[in-house]
Structure formats: structure tokens, C-alpha cells
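Order of writing sets the labels: A, B, C and D. Residues in every chain begin at 1.
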Amino acid sequence: MKTTYRTAVHDAIRDALRDDPRVVLMGEDVGRYGGTYAASKGLLAEFGPERVRDTPLSELGFVGIGIGAALNGLRPIVEVMTVNFSLLALDQIVNTAAALRHMSGGQFSVPIVIRMATGAGRQLAAQHSHSLEPWYAHIPGIKVVAPATVEDAYGMLAPALADPDPVVIFEHVQLYNTSTDIDALTPTDISRAAVRRNGTDVTIIAYGGCLSKALDAADELSLAGIDCEVVDLRVLRPLDNDTILESVSKTHRAVVVDEAWRSGSLAAEITARVMEGAFYDLDAPVARVCSNEVPIPYAKHLEEAALPQTVKIVAAVKGLFGDRQ
Amino acid sequence: MTDTKLAHELLSDMVRVRRMEEKCAELYSAAKIRGFLHLYVGEEAVAAGSLRALADDDAVVATYREHAHALLRGIPMASIMAEMFGKQEGCSRGRGGSMHLFDASRRFYGGNAIVAGGLPLAVGIALADARLQQKRVTACYFGDGAVAEGAFHESLNMAALWNLPVLFCCENNLYAMGTALERAQSQTDLTVKAASYRVPTLAVDGMDVEACHTAAQQGVDHVRDTGGPFFIEFRTYRFRAHSMFDPELYRDKAEVEQWRERDPIRLFSEQCRHDGTLTDADLRDIENSADAEIEAAVAFAEAGTWEAAEDLERDVLTPVDRRAAVGEATPEPAR
Amino acid sequence: MPALGSDMDEGTLDEWLVKPGDQVTRGQIVAVVETTKAAVEIECWQEGTVSELLVPIGETVQVGAVLATLLASGERAERRPRRKPRPSKPRAATKPAAAPSSARGAAVTPPTVPQRRRWVSPAARRLAQSLDVDIDALSGTGPQGAVIISDVEHAAASKEPATKPMTKPMTKPTPADRGAQMRKSIAAAMSRSKREIPHYYLADNIVLENSLSWLTARNAQRSITERVLPAVLLLKAVGLAAQRFGEFNGFWREDGFVPATGVHVGVGISLRGGGLVAPAIHDVPDKKLDELMDDLTDLVARARSFSLRSSEMSDPTITVTNLGDKGVDAVFGIIYPPQVALVGFGQPAQRVCVIDGGIRVVTTVQATLAADHRASDGHRGALFLNAINELLQQPDLLEK
Amino acid sequence: MSTNEDTRGVVLSVLTTIAPEIDPDDIRDDIMLRDQVDLDSMDWLNFLRGIHRRLHVDIPEADYASLRTLADVVGYVDENASQPGTGGH
């Protein structure tokens, strides 16, 4: 049966609300409107306004309220419409949710789940096209995940809710309409990266919206005789070092794909870790494919030029093989 | 004032806070306490009067000027002092310091050092109480500076919109650090701001401990009866600098002296003497007992131990063996 | 000097508001101190009489320095040598200026433009070291001419660097080319081994009855694709024993023996048309028999189609050679440097043995150990062989 | 149904993938295979696995010893084949 990413997100929330009365969904237009990305359509009717709460446009306020509610026995799923609006709530996420456990000497855990859409590709211009996942991945005290597949879109919510610490889930806007043939959706995990394609010559590391581009690049490169392994990070914090280093140690080459801007990106962090942990296994410098360092422009051809694309990944990989190409 | 016992307790609470704060200033000068240190001297009547109105299972969210609230909520002074020394016997294991005193067992959700950062938190705690059908009050303390933050607006709006049981306690000491209220607010009557969200309000003399107590009791009763929010503006003054490193260039010494005339401890002890509920011997007993408590607390903090640096990264995420305990004791909400 | 904030390290005394002999009370302002932020009034925390002012006006002292002494009531001043508080460290302005560059510069000859450091990938550099390949003699085929793993592998196979630059295009070498290259590389490695490594040899007869009957029963329940060869049992036994006897599992480097962290057993595989490779099966002690069988099958197939991975060539920490199929009774091998041990197995066959005082015909195999005497001694070698023997008597232990 | 000749062809083709250096025409039906071709135990196993894969005959380990010549193998396969032959490949 074909299942879309959007349906998987929706069903995960619905099942969470069904399975645990402590779960509440809150956010802007999650109720009557059905969610900006229609991920909560019909849930207000099914669970009522106490559990599916439309909030005012007060990101700082309702994220803080979610944190307080989590401290006091609820398991809130807080939807912040998009990552750019989450900047208004960054104080509560960084200064409260992430720090509370530590600064209270371990007395308070904050079991909140914060979901938001991220990424570019829909001509939404500079204020609605960010990939700020690396900022969140920088913060100790929270976990950050990025489901890139329909399976994970469903499967990551349950373990995130079961986790006693804050979990931030990034859903790439380009993924909501993607679909896969799936019989049954089940919980996955939020601890490990996944090897999405096995290969021997080079490791392509990607996450979220860039995974499919990486897999496309791998297909194309196989025609050129380059056998790519593709690692889906899945969990952006804490990073799964073992899977990354194991793969790079095997293939001796790595290309990191990240829709965030290059400077200070997750790609930068992963590159550093590969250097620290697999330097003597490298047969070529680590390459990166990131967004150009420009606010994302509106015009379609310029937006495409700014973002990581399959063709750029292919070129980056080929660049790691000298005379062989 | 006829209730001698209550009078003695209110006075004792204020004296304990005053003497503890003065000791903290001394210990800071001696470099035993480091970091930022914000003292409550002058504002004692607010915490002493208002916290007494709360029940044991109510919740408290406080600011970075929260030593008084922690102490009067029942956290042992020794544990507070050890925290300020950075010792692992402290109420936050030495990870928090002066600005981050916490006690889960007393539902004391801590000193929050982001101005207005505690307001959404308090509304969320109240939301959970409402949803879990607990008739509990969450008292949220903040200063006049917090009123300028967006979080104030968002939190009062949502608390009123969703009718949540929060007692908003604004400790208006007239200065946001060094910025006077009239230099920061177009409307200096803060109850008018709160009322605009259709939250019932009260303004009270924050130097009068009995008035603070009465107002808080009224507010708590309202919150418990209606399940909705209430706002109290305590008009008070801090006698000491904002923090230890503040040359106080922004206010006149004469102004400080004028307010010192209305020292809440002096006002109340004079009144009690006048009423005949307090003798010199009573006052001496109260002071001696506070001094003894402080001496013991300092000795405890001095004798405390430093956490091993190898444990540096503990308490960032919940350890696996304690995960099951998170939220375990909470009652089932109605479906 | 009191600490007045977390960013205050020192203060300058601006003004004394008391003098010796004055009575002071708790909370009294006694001095004004200039900090980086502003002038701050200093409170006194004790009662008493001012005895001595130790810091003169205008002096800057560190936080914690004593500013003045007080006498408690009844205490008498004690004449003691006046200790000046240490003044604050001089500011940067008083640092000596940098020496003029001409002073030293004149003696130094201008550096010649250095040649760009040769680009060698980290993995290639490590591989070259372990294969004893001279990197400087290689031409690189990686990005921007960097020397990469495959360059080192080619060089190790041909072992004739420098004189002839590698002119061959990227066409597939013929079997004859390969054979010639391999012969040379075996010649180089084995000559080096016999030249440098003081070998000692031990042999042990191992009764295989338990192992073989156990394996026969195990295989009988499985289809042909799941059956395991006896060679796999031997491999696992060597791996487990090597894990216990670390001095046979590792490398002899310039500085002495370096034990390996994992046990990666090199398996001697003879190639059709001559030649020999000994690529690694990784982490042998951790693998189940079925996994080892799969690995061995895969490795042999790839060895014979010349598609081994570089890590498989460079990773072995000990080698096993099995010549039993060729009908020989025993093999006394040559260690593959920089490894320090090689275990050989001859043909398993029915032989007459004395067991428990009686004569019996049983299947035995002769296991031999060639070991580097620099890294281990015969006594330990004997124990190592015994351990292999014991493991083969309890095949259950090999299953995991 | 497969014929004897088909089976022989398939067996020989399996053998040549294992030992590419041999000329199938040189293999004699009645002489020990291991004397004609350099086969170690891994090669032998791969040979039998190839037969299993191509001709769907599972050969128990106990029967290995009876398979010494090409004729033995072809005969064994024809006797035990359970699936339609793959002649015509």
C-alpha cells in the first residue's frame, strides 16, 4: 500500500494520542485548520480541544508552556510550524528545555517533543527556507532527529515521546508528499544512523531532504563504476559516530551532504569527526556538498543553484577519484 | 495584629532572609561565592508574606533573585548555602549556583536567570495541573523588568485564554537592573497591563508583610476557586545593588535612604511592639536563632565536597536507569 | 581586595574613608575602589579598630589582597614587618618590544622555495609503511596527483619502483603480468622474512575425531549451501588461541613488538596458475562458524578473481596456511612480515596413535607454528599450539 | 526432461567456472576428477554448490566420497534430480 510521509506523520500523532492520555498536541493551527502541512487533519474531532490545542501565534509562549506541562506530567507534542518561526522560541528550547536537567542537578527531566518543518525547495524565499538543524544539534541537553523516510516519519515519534529528554524532530517540507509501499508502520529507533545503500568505494553521508538526492547520485555513480555507500544520519544529536566511522574506514572516502550553509554546518562537524576518528583510513580529503552561503532566493533557477543537488553530489564524489575518472 | 504566632513567624522569615543575604554578600567578598549574586535585601516582605499563602503541593517558579523563595519554601539553608559554594551537597549539586536553586520534592521549579523565562513555564505547569485535574496553584515570581518581555504578554494571554491556575507575582522594585520603570514602560501601573488580558489584579505595598500576606491569600483563593489566573503587583524596593558588581550609578543615595525608612523588618517589628505582640527578648531570640541557622549553614557548605570532575557530563540527558521514573508518579488524565 | 563580580581580577584603591585608630562597625563604608566598571564603595564585615592601612591610594592589587588590618576589642597591635601586597602584573604596554627582525634575520639565509610536500593519502601512507613500499618513488593517480591506496598496492605487487615510472595505462593487467608481479612481491616479502625474522618451529599432532564427528552431524542437517568445511574449525581455533596469546598476534615494528587490537587471520590462498595471497578474515574470534564459512567462501572467490580489498591485504595480524588438500603431512611456513607468527596445517588423515596406553587408528592433523623469536619464545609457542589443540577437542566452544 | 548429455554439459560448465584454466574437452569421464583438475576442498564444495544451484540436486555430505569421476557426478545427478532439467541454457 502506498503511504505518504504526511500520512505517516499524521498516523504517528494519532496513535500517540490514542495510546497515552498524557499526550497533547499543541501549536498554531493544528486543530481546526488541520495543521499547516495537514499532518493533524481530523485529530481535533477525534480527541477534542483539550488534547489538540490551537495556540495563538506565540512561539516562545507555547513552547515554554509545553516545557512546563512536560515537567508536570504531560507528554506534549508541540508543533512549531517551521524552523524559521522556531527562532522566536529558541530561548525556551535552549535556556530552559536543554538546560533544566543539568542546572537542577538532575532533578527535572523535560519529556517534550517539538516538531517543525525545515528546508527549502518550494520557492518560499529567504525567511521560509532555512535548514537550521545544525544550530539545534549544537546544544547539549536535547536530542535532534530528522526522519528522511516514510518509515521514520511514523516510527520516530513513539520513541521520541518515550524519551525523558527533549527531542526536536525536523520534517523536511519536500518530503511530505513522498510515498513508499509499506504494509504496516511500526516504531523505529532514535539512536542510530542507517546505511541506506551498501557500497565499497565512497561513503555519502546525508540526512533529511538530501537523502534521496544522495541515493540518486549513488545510482548514477554506479553506472560510472563507483560503488557508493549511503549513510542516513537520522539522528543529528547525538551523532552516531560508530556507523559513520565504520563506513568511512571501509570505503576510505567520504562526501557529506547538508542542506544547511557550509560554515558551521553539521557537515563541518562530521568532517571533523572523520578526521579525528578515521584519518589514517582516508584515501582522499573529505568533501562537502552544502547550500551556498546566501539567503535562499525566490527565483526557481537561483534556488536550485543554491541547494545541494544530485549533480553536485555526483561531481563531488568523482572529484575524489583522480585518474580513475 | 492579634495572632502572635503568625507575627513571630512572619518576622522570623524576614530576618532569616535578611541575615542570610548579608552573609552571602560577605561570603562573596571573600570569594567563597562566585558568579552572579542578586540579593533580596529590602524585598523580604514580599516572599515572606506571599509564600505563606501557598499550600504544600502548590508549585513555585522563581527568578535569579530567589534565595528568599527557596528558603521560605522549605529548602534547608545549608543546602542553599552549599549550592552557592558550588558543593555537590547543594540543592542543585553545585551545577546551578545562586541563580539556579531547585527542589523537585518541594515543587520548587527553580531560579530562572532569563528574565521572564519562568512565565511560560509556570503556565505550562498549570496547564498540566488543569489537565490532570489537580486543584493546585502555580505561583510565578518575576520582576518589573519581565513585564517588558514578549513572554509576559504571551503567557498572560494564554493563561487567561485557557483559564489556567497561575498566580502571577510581580515584584516591582522599580528598576530593571539599572533602568527605572518609567524609562522602560509606557504604562507604569502594571496592574493595568495585566488587566488588559482580563486577568483579575491587585496592587499591594510590598514593604508591608501583612498586606503582602493578605493579598497573596486573596490571590491564591481566587486561583483555587476559579481555576483561572490572578495577578498581584508587589510594590517594593531593593536596598542593595542589583548584583555584587553594580556601582549604582542610576539612582540617588537619597532615594535609597528614603526607602530604607520603610524597611519592612523595621516597620513590622515596630508595629508588633506597638501591638504588644513582640518583646525585645522575642526579637533577640529570632535574631539569635537566625544567626545560629546561618552559622550552621556556612559550616555545612564549608565542609561540603567538590564533585569529581570525571562526572562532568552527568545530568545532561536522563540516564537509562532513571528513565522509567520520569513522569511516573503523575495521575492519569481524563481521556 | 574584595571580589565584586565574576569578571573582576583586581582593583585600584581610590580613597580611604578610615584611618588607623578609627573604630569601624559592620557594614560601614571604609574605602572606595576603582574597578574596570566604576568606583565602588567597600564595606567592612567586621567590627574593631583600624590598625594599619596596607595599600596606599593609587595602587592596584589582586582580588584577595589584604587592604588593611583591624584589631578586635582588647587586641593589641603587634609590630610585624610590613608586607607589601604584591602589585598587579605589569600591563602589556611595559612588555619589551619585539626584537628588531634584522638582528637575527641577517644570519639566516633566505629559505629556498620548498617543494610542495608530496601528497599521499593517510591510508596510502599507512599501507605503504606496512608493505614496505617507498612512497617517494611512486607516482600518484589520485586527485591532484595524490598517492592513494591503489598506487601503493600496485607498487607492492610489482616491487620495482623508481627506475621505471609507471607508464602503464589503466588497462587491465594480463594474468601473465599479474603472475610476474606477484612472484616478485612474494620473493621480496619472503626474502625479507628469512633475512630479518629469526624463525622457530614447533609441531603438534592433533586428534580430530571430536571435531570431525561433531561437524559431520552438524552438516548432515543442512543443505549444501549451509555446510561448513573443517578448515573453518581450524581457523576459528587459531583465532581464539591468538586472542589469548597476544604475543603471536601483532606486528614487529622498528621499536619492537606491537600487539594488534583485533584478531584478523590471514588465510593463505593459492591462486590458479601459481602465486599466493593471504588476505584477512576480520575479527575471527567474534564470528560464528557460519559467518566464517561465508567469509572464507567469499574471500577465496574474490582472491581468485583478483578483487580483494586493500584492507584485507594489509590487515592480517597472524596467518594460517592449510596445505592438507595437497596431501602433505605438515607445512613449516615463512612468516609474512611484519607479522610474527604463522600456523600451518597438513592433511587430516587416519594415523596410528597411542591413546591411553592403547593403539588406535584415528584422524589426526599436524599443526605447526612458525614464530618470530624476537617476539616470543618456544615455551609460549608450545602453550599456544596446545591451546589450539584443546579448542579442537571441544568443538562446541568454536560454534559461538 | 534432461538428458544425460545435457547434465554432462552443465556439470562441465560448473567445473570450468571453478577452474577456468581447464579445457572441458580434455576431461575424461572415468578418471578421478581431482587427478585431472587442481581442486582443493573449497573448490570441491563450490563445485557441488554450483551443481546444486544449476541442477537442483542437494548432495548430502555422506555421498561426497562416492563422487570421484565425472561419470559418478553425472550419474548421481540424473538419479537424484527432482526438478526439470535446465538443458537449453
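Keep this in mind: a residue touches a chain if its C-beta (ideal position, glycine included) is under 8 Å from a C-beta of that chain, and two chains touch if they have at least 3 such contacts.
Just so it is clear, the structure is predicted and the values come from calculations on it, not from any experiment.
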- State which chains count as neighbours of subunit A and simultaneously of subunit B. C
- Express in whole angstrom the distance between the two chain centres, defined as the mean CA positions of subunit C and subunit D. 48
- Query: Using CA atom averages as chain centres, what separation in Å is found between subunit B and subunit D?
  - Reply: 89
- Centroid spacing, where centroids are CA-atom means, of subunit A and subunit C in whole angstrom: 35
- Between subunit A and subunit D, centroid-to-centroid distance (C-alpha), Å: 55
- Message: Which category does the touching pattern between chains fall into here: line, ring, star, complete, or other?
- Response: other
- Could you run through all the chain pairs that touch each other? A-B, A-C, B-C, C-D
- Task: Would you tell me which residues of subunit C are touching subunit B in their complex?
- Result: 2-8, 27, 35, 37-40, 43, 45, 63-64
- subunit C residues touching subunit A - in the complex, by the definition given at the top: 121-126, 140-146, 148-149, 170, 309-311
- Message: Per the contact definition, I'd like the list of subunit B residues that touch subunit A in the complex.
- Response: 59, 90-96, 100, 102-104, 109-110, 112, 114, 117, 119-129, 131-132, 150-151, 153-155, 157-158, 161-162, 314-318, 322-323, 326-327, 330-335
- subunit B contacts subunit C in the complex at 22, 25-26, 28-31, 34-36, 243-245, 247, 249
- Listed in rising order, subunit A residues that touch subunit B in their complex are 21-22, 24, 50, 53, 55-56, 58, 60-76, 91-92, 95-96, 100-109, 111, 140-141, 143, 163-165
